[in-house]
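Here you go, one structure.
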Amino acid sequence: MTTTTPTALPTEERVVRREALYFAVRNPKLVIGFSIVFVFAVIGLLGPVLLDVDSPNEYVAMPMLPPSSEHWFGTTTQGQDVFTQFVYGVRTTFLAGAIGGGIAAVIAMAIGFTAGYRGGLVDEALNMLTNIVLVIPTLAVLLIINAYLGIRSVGMQALLIGLTSWPWAARAIRAQTFSLRSRDFVDLARLSGVGTPRIIAREIAPNMSSYLFMTFILLFGSSVLIAASLDFIGLGPTEGVSLGLMLQNATQWSALQLGLWWWFVPPGAAITAVVGALYVANVGLDEVFNPKLRET
Amino acid sequence: MRQYFGRKLFIYGLTFVAAVTVNWMIPRFMPGDPVASMLARARVSQPEAVEAMRAYYISLFGFDQPVWQQYLNFWGAMFRGDFGISIYVFPTPVTDLILGAVPYTLGLMIPAVLLSYWAGNRLGAFAARRQLLDNSVLPVGYILTATPYMWLAVLLAWGLGVVAGWFPVAGGYAFSLQPSWSWPFIESLLHHWALPFLSLFLVALGGWAIGMRNMIIYELESDYSTYLAALGAPARLIRRYAYRNAMLPQITGLALQLGVLVAGALVTEIVFSYPGIGSLILKAIQNQDFFLLQGSFMFIVVGVLVANFIIDIVYVLIDPRTRTGMAGAQA
Amino acid sequence: MSLRVSDLRVHYRTLRGDVKALDGVSFAMDDGEILGLAGESGCGKTTLGKSLIRMDGRMRHIDGSVELDGRELPIGDDRAMNGFRFHEISLIPQYSMSAMNPTRRIGKMINELLRSRGVTLDREELERRIAQVGLPVEVLGRYPIELSGGQKQRVVMVISTLLDPALLIADEITSALDVSTQKAVAKALLDFRDRGYVKSMIFITHDLALTAHIADTIMVMYAGKLAEKAPTEELIKAPKHPYTKLLINSLPEIGVRFEERKLEGIPGSPPSLLRPPQGCRFRDRCPLASEQCVEEPPATEVEPNHYVACWKAA
């Protein structure tokens, strides 16, 4: 029972992408999630430019002032403006998340694609490596490395985070690559003599692009959290300020006991908001790309 | 099954060796003369202390010996339980400090992890049943799991501790008391334990609830669930099967989350000045006490490996397929 | 058993509107009858099969009725249907390979399933039926993953018929199987009917050739409506609906080579069921179409038990 003349499908890919966009802008989780992240990104990008101070950590006013029209978020025990610190902190935190998440994503893709596509011994070896890095508790390793080598810049911190948080993503990418590897278009490319790296870059990765994007979002979120924890313990950058550092300072200087809530509530709230928005947006993205999940 | 455990143990063994090697290697990557710079950074004043430390460092690093010998010495010392002498609490051995702090950390982590795991899974399964519940549990779950551990700890400490005054916010027990088996001490212990426990519990709960809810939905949409429903099986039976099957990836998820949970416990302890490994690490960092750091690092790594192994055993017990020699989705 | 379906309409709710998957189908079945339900993908046969036992989340019962042994089936009410499921109406799903709980031993699962439906398991009877489909009794103590695809298929067939339902729906159960296994499955189904495990069967398929082997009657569907329904011999030898004729002609014949006779297909594709066309739905692809076909032909009984929905056949 076949219909013979197959209808040509040149526009199908474009239709799929347009359909994705259609659903994307109508998905509340995605829209709200990305909006929140966008707002904070703008704060982090433009805030320091607009505020234009020499250093967010300079002493500008009377200490321990509650929020007012002059100091939106009040001041610290040293008389620093909390809002200024907050804005600079958002920038640093975003940087840490983006760089850390980005590096982790790159490593995860390199290992995941290779293991999933090659299989065999290469797969076994990479699996072993993944399992080892997976089991080692991230914070403990970063602790030791940070403490001895005294890494003091955001970039280095992000690099180290990226080097240790890729395993789960590598595993996920490997699994996806596995299932794509046996598809017809890959076989076709192989038959045409296309080399492995190009097959991965041209055939496999684009078909997983949505998945890769979602993975990056999650890595971004976890990088932000890890960086904040590191800063909180005292292993953060020595220059500048980050949201985690603000929390550390607040705790160290007894903001808790003194009731200086304006010092410790905003930084944590910002982290929660950004990471939470990313998670929710991720769920929305899943719904957009997987039609089965869409509610009718 | 022997193959399964053999493989796991091999990986854990490799991980352990890797961790120890990293621990040994890192100080040697410091620029300049490690001993001198460590002495300089240690800011220890008493000459006897400096001399003892120098001698210890030299022997520890074994700069008079070939590198491989130094490496072996390190292993030897570790198996003897000799992690050196703490710098900031000189001359207490590091091992003593750690053993004194471990009960507090474990007392915090184990109940928090187990309870949040159990409650979170139940909550997630429940949320998957009804749309209304789902709409309230999901956002709460996401917010909780996105909350940094130390921030929730700070909020709880401030809200329930400082403002409301219901709980203390510092120490493992009242400073006026001495550890003993008396009731006042135990009461004080519990009182101080409550907030850090609650903080850890809540953040972890969010993660489990969301994960379980997703897994249950996935199981409820599976072919076997559809078939059972087509044959008129009551929702109760389908849910029971779905829950059982959803637990498997959740158990794997627990193993994956161990690092995060440990980190969470550490920072929570710092907020509450709770006398566990977390506070110890903080002081070690502030005082540049490298031996204490090394010891803490090794302890955490070993702890996580042991926990992983326990979880592997539990997984075998719960997934009947591993016993017949065919595991499900094992990477 | 007797089944009477009257003007059944079941639509799928989608974001873009209602897909009229089943748009007014009527037919009847007698006791002991095996009805082969054939048609292209999207013609509504699976929708019909699902409507009779358990509706999808997106399916809506719009109109029409189903009567089983004189009683109306509450197909729109999921909970009310439960009483009928497994006992009176049962299903062998298309996904039999993955239809069993992977973490439960098969025997244990069957026991729990039966208990949950208020039935005590008759172990001997179960073992007998397992043996009858050619499986060793040991499979009951195994996990699904330990069985081959064909073995799982047969286990599911036994499970579905364990309570001797009046009506069995087999939804494309042979699609994923090789030819010899298909034959074995078809034989097993006939066996079930002959032994009295099931009274009547609806065998949904897109493989006309296989259906002809086991069905007493064949019903061909197109675009959500009935095209032709007749006893097997008549339908194969003397089809009256143009669609059926083209279908049968498009089947490859063993022994005939491509040079001798080209395989004819049916040009075009079925209409969208979101906004179905006016009149006869086969109009656009039918070689016999005329202005008469702008009006929808009703299914008329042109010969005893032979129904056709075409102006040219009546």
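Chains here go by letter, A, B and C, matching the order in which they are written, and residues are numbered from 1 within each.
Just so it is clear, contacts are C-beta pairs under 8 Å (C-beta built on N, C-alpha and C of every residue); 3 or more make two chains touch, one makes a residue touch a chain.
Being a predicted model, the structure only gives us computed values, none of them experimental.
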Chain pair, most C-beta pairs within the contact cut-off: A-B
Core chain by centroid distance, with centroids computed from Cα atoms only: A
Mean-CA-position distance for chain C and chain B (Å): 55
Interchain centroid distance [CA atoms averaged], chain A/chain B, Å: 23
Geometric centre distance via CA averages, chain C-chain A, whole Å: 49
Residue ranges of chain B touching chain C (in the complex, touch as defined): 222-224, 226-234, 236-237, 241, 244-245, 248, 319-321, 324, 326, 328
In the complex with chain A, residue positions of chain B that touch it: 11-12, 14-15, 18-19, 22-23, 26-27, 29-30, 139, 142-143, 145-152, 154-155, 157-158, 161-163, 169, 256, 258-260, 262-263, 266-267, 270-271, 281-282, 284-286, 290, 293-294, 296-297, 300-301, 304-305, 308, 331
Footprint of chain B on chain A - complex, ascending: 127-128, 130-132, 134-141, 143-145, 147-149, 168, 171, 174-175, 221, 225-226, 228-229, 232-235, 244, 247, 250-251, 256-257, 259, 261, 264-265, 267-269, 271-273, 275-276, 278-280
Residue numbers on chain C that touch chain B, as the complex places them: 53-54, 81-87, 90-91, 93, 95, 98-105, 112-113, 116-117, 143, 145-146, 156, 159-160
